[in-house]
Amino acid sequence: MSIVLKNVTKKIGRNMIINDVSCNIENGSITGFKGINGSGKTMLLRLISGLIYPTSGTVEIDKKILGKDIAFPESIGIMLENPSFINSYSGYDNLRMLADIKGLIDEDRICEVMDLVGLKENGNKKYRKFSLGMKQRLGIAAAIMEKPGIILLDEPTNALDESGVKLLTEIIIAERNRGATIILSSHDAQFLNKTSNRIIEISNGKITNERNNYDI
Amino acid sequence: MKKMLRIELKKAFFSKSFLAGLGILLLLSFLSGLYMIENWSEYNPNAINSTYIKNGEIVINPIIPVYSFFCAWLGGDTLSLAGTMFFYFLPVGAALPYAWSYHTERKCGYIKNVITRTSRKKYYASKSIAVFSTGAIVILIPYIVNIFMVSAFIPCIKPWTGYNMYNFVYFGTLWSDLFFTKPIIHTLFYVLLNSLYGGLFALLSFSISMYIKNIIPIIFSPFLIIIIAGYLENVIYEKYFANSLLYYELVPTHFLRSRDVHYMSIGWVITIETLILFLVSVIPIFIIGRKWKNELN
Amino acid sequence: MSLIKFIRFDIKNGIMRRLYVYLVYSLFIVVSVWFFQGKLHSYEIEKYSIGDCLLFLYGGAKEYVPKTGEVFEMPYLWLVNHLLILYFTLNYTDNDLTGFGQQLIYRSGGRVIWWLSKCIWNIIMVSGFYIIGIIITLLLGINNAEFTLDISEHISYVVNFGDQLKQNHTQKIALEILLLPILYSVAISLLQMSLTLLFKPIFSYIVSSSICLSSAYKLTPILIGNFSMAARNDKIVNNGVSSALGIISFSIIIILSVIIGVLIIRKCNILNKE
């Protein structure tokens, strides 16, 4: 699924969060947004997800304008900021509830994904008892479980240990190989270098640098 | 302690929430004043101020004390909707400025940064003072504005006991003797009492925030408690004390008004209630708050 | 995601997992019915109709006319009923939109469906309170009550209608004692819910409770709470408000609230609580 941002600006109140950003994100690639805290990376992901709409400019998903032709991308998995789940349900139950919405996957796939992110043993614990790292892993699981065409991951390495980051890298590459278009946002340069085909640097809501990552 | 207190007071008074709470109560006090001034202006001042002669002596129109500032200021307003709503929203207005701050600071983790730099005792003490102060001031300012506004139009004439069907101040009303002898002191006392209760309601919200992790109950619990208390007061009095004379006003929304109180508002009852409210607010904050490591939740 | 699936989710998480609120409400109704029975008992009246009890619970009180010697008596029973319902329906929508609900919204592809589901949840939740009220009234009246909605003569002993009470106030007023209070609660809580999309829940609750407080104080068709009070209805009191106008007003508010919500949710920023 191709993503095109054309002169996208987002203002909230009097604050200019995203300032005239344009970029093309290729189908089946991994694009990394790099920037310091408060640079606008998360807002960009929110704009691409359709959870917010630009003040001006357009976000196109497969040539359909978000907020005009479609409300949300047809096939998308998101993990933004702190993942939100229901405290009184277990990890499995939370994913099951989300999977029921579209009905695209079955219990086996949920178990497979929980195993993939390393939550197989803790899946039946109530979400409120999850550690930060476990919450993060569950968020990743929710984003990838339905094999969506677009995957947005915001600071996915937060709260993950070394093995968790390694696991995450493998998951992302596997998803890319499947054909998903993946957008990551992180301030962790090493992680982005290991995973992203292209790295876009953002500062004060503007793109300051774009480069292809020939190491990948 | 001084530094901590200065920080807390600055955060408390220089915030949008303080303005929000103040704005709501100022609007109500202004509308109340406006209504009473308009109401008063319907009366012909010449007729009110006219004198008449009785037995050869000039006598001032005895109806004058009815049209007095002391029956028209916010605490004495029995006519306007805004005046009534002011007393019901008093707990909300008092809690809005800063009573929620502990909840927010605990939730975002800021409290851990503070506790590690100062003692819990100083933190809770300065927080309590700031919460109380904002609660009190946010009630005081609308009263002052209303007093200035209404007294600019309606004369301050000493009420007369003979017109109690207009005054609504009876033997069983708090400080009724002052109302007829020193009404300005009476007004001042009621303003201070209301401010005190504003501070106490804010403290009550703060103590509720030690246990409840949702901002809505923190802000609105005192408001709902007062309304449910009003309901239960009716139920209990009508069920158990129907034939008794012991109808003491227990609901602050009622006895904080200087006039038009349904049941008897007696000094010692209100004092005990104030003390109970103070203890109920302060005990969870200091004793339980210091013992439990709430800030790590 | 179909609307049905959304509604099922909302019923499960917004109602079944919050049954404690119905428990609190039940306690309030039990105390109120018990109070009603006690009041009748003090007049040595043991028999009453279900209609009498419902009128006492939901009918409000006479209008207040600021005049000499008249003290404003807040109709606390009516007020507590509505404020509790508004309070219990306040937070769910906002919590969902800023939390787990985001995951549902983008997966379903429809913001409007999310909103419509919340409206239906709201209606079901509010109706649930009244159903509980009626059930408790029936249960507690098993020994003493006639199972009819007719109003009896002695209701004027326990409900203060003031001096405008009509001679023939004991006519059938099932609509006024049942439908209008429910419609009012639905209308005002839907309005509160749509305001929550614009402002924080705190301010929308201030607005909705202001409407209730103002309606209690002043008898005027502009303050819609008056239509929900059977004690201020023109079938019972001479200067009362009309039921037909009440139904129309509530319907307009319900429709407008839903439409406003649709318009807002289509364009609003869906952000986390922080």
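Think of it as A, B and C in the order they're written, each chain with its own count starting at 1.
Everything below uses one rule, namely that contacts are C-beta pairs under 8 Å (C-beta built on N, C-alpha and C of every residue); 3 or more make two chains touch, one makes a residue touch a chain.
These numbers come from a predicted model, not from an experiment.
Colleague: Taking each chain's centre as the mean of its CA atoms, which one is farthest from the centre of chain A?
Modeller: Using the mean of the C-alpha atoms as each chain's centre, the farthest one from chain A is B.
Colleague: Quick one: most central chain, C-alpha centroids?
Modeller: The most central chain, going by mean C-alpha position, is C.
Colleague: In whole angstrom, what separates the CA-based centres of chain B and chain C?
Modeller: 28
Colleague: Please tell me the distance, in whole Å, between the geometric centres of chain A and chain C computed from their C-alpha atoms.
Modeller: Chain A and chain C have C-alpha centres separated by 43 Å.
Colleague: Report the inter-chain centroid distance for chain A and chain B in whole angstrom, where each centroid is the mean of the CA atoms.
Modeller: Taking the mean C-alpha position of each chain, the two centres sit 51 Å apart.
Colleague: What residues in chain C touch two or more of the other chains?
Modeller: Counting only residues that touch two or more other chains, chain C contributes 274.
Colleague: Give every residue of chain C touching chain A within the complex, in rising order.
Modeller: Chain C residues touching chain A: 1, 5, 9, 13, 17, 98-100, 102-111, 266-267, 269-272, 274.
Colleague: Which residues of chain B touch chain C in the complex?
Modeller: Residues 20, 24, 78-79, 81, 84-85, 88-89, 92, 96, 108, 165-166, 168, 214-216, 219-220, 223-224, 227-228, 230-232, 234-235, 238-239, 242, 260, 262.
Colleague: Looking at the complex, which residues from chain C come into contact with chain B?
Modeller: Touching chain B from chain C are residues 31-32, 35, 38-39, 42, 66, 68-69, 71-74, 76-77, 79-80, 83-84, 87, 90-91, 201-203, 205-206, 209-210, 213-214, 217-218, 274.
Colleague: Which residues of chain A touch chain C in the complex?
Modeller: 12, 46, 49-53, 67, 70-72, 74, 76, 78, 80-82, 84-86, 88, 97-98, 100-102, 142
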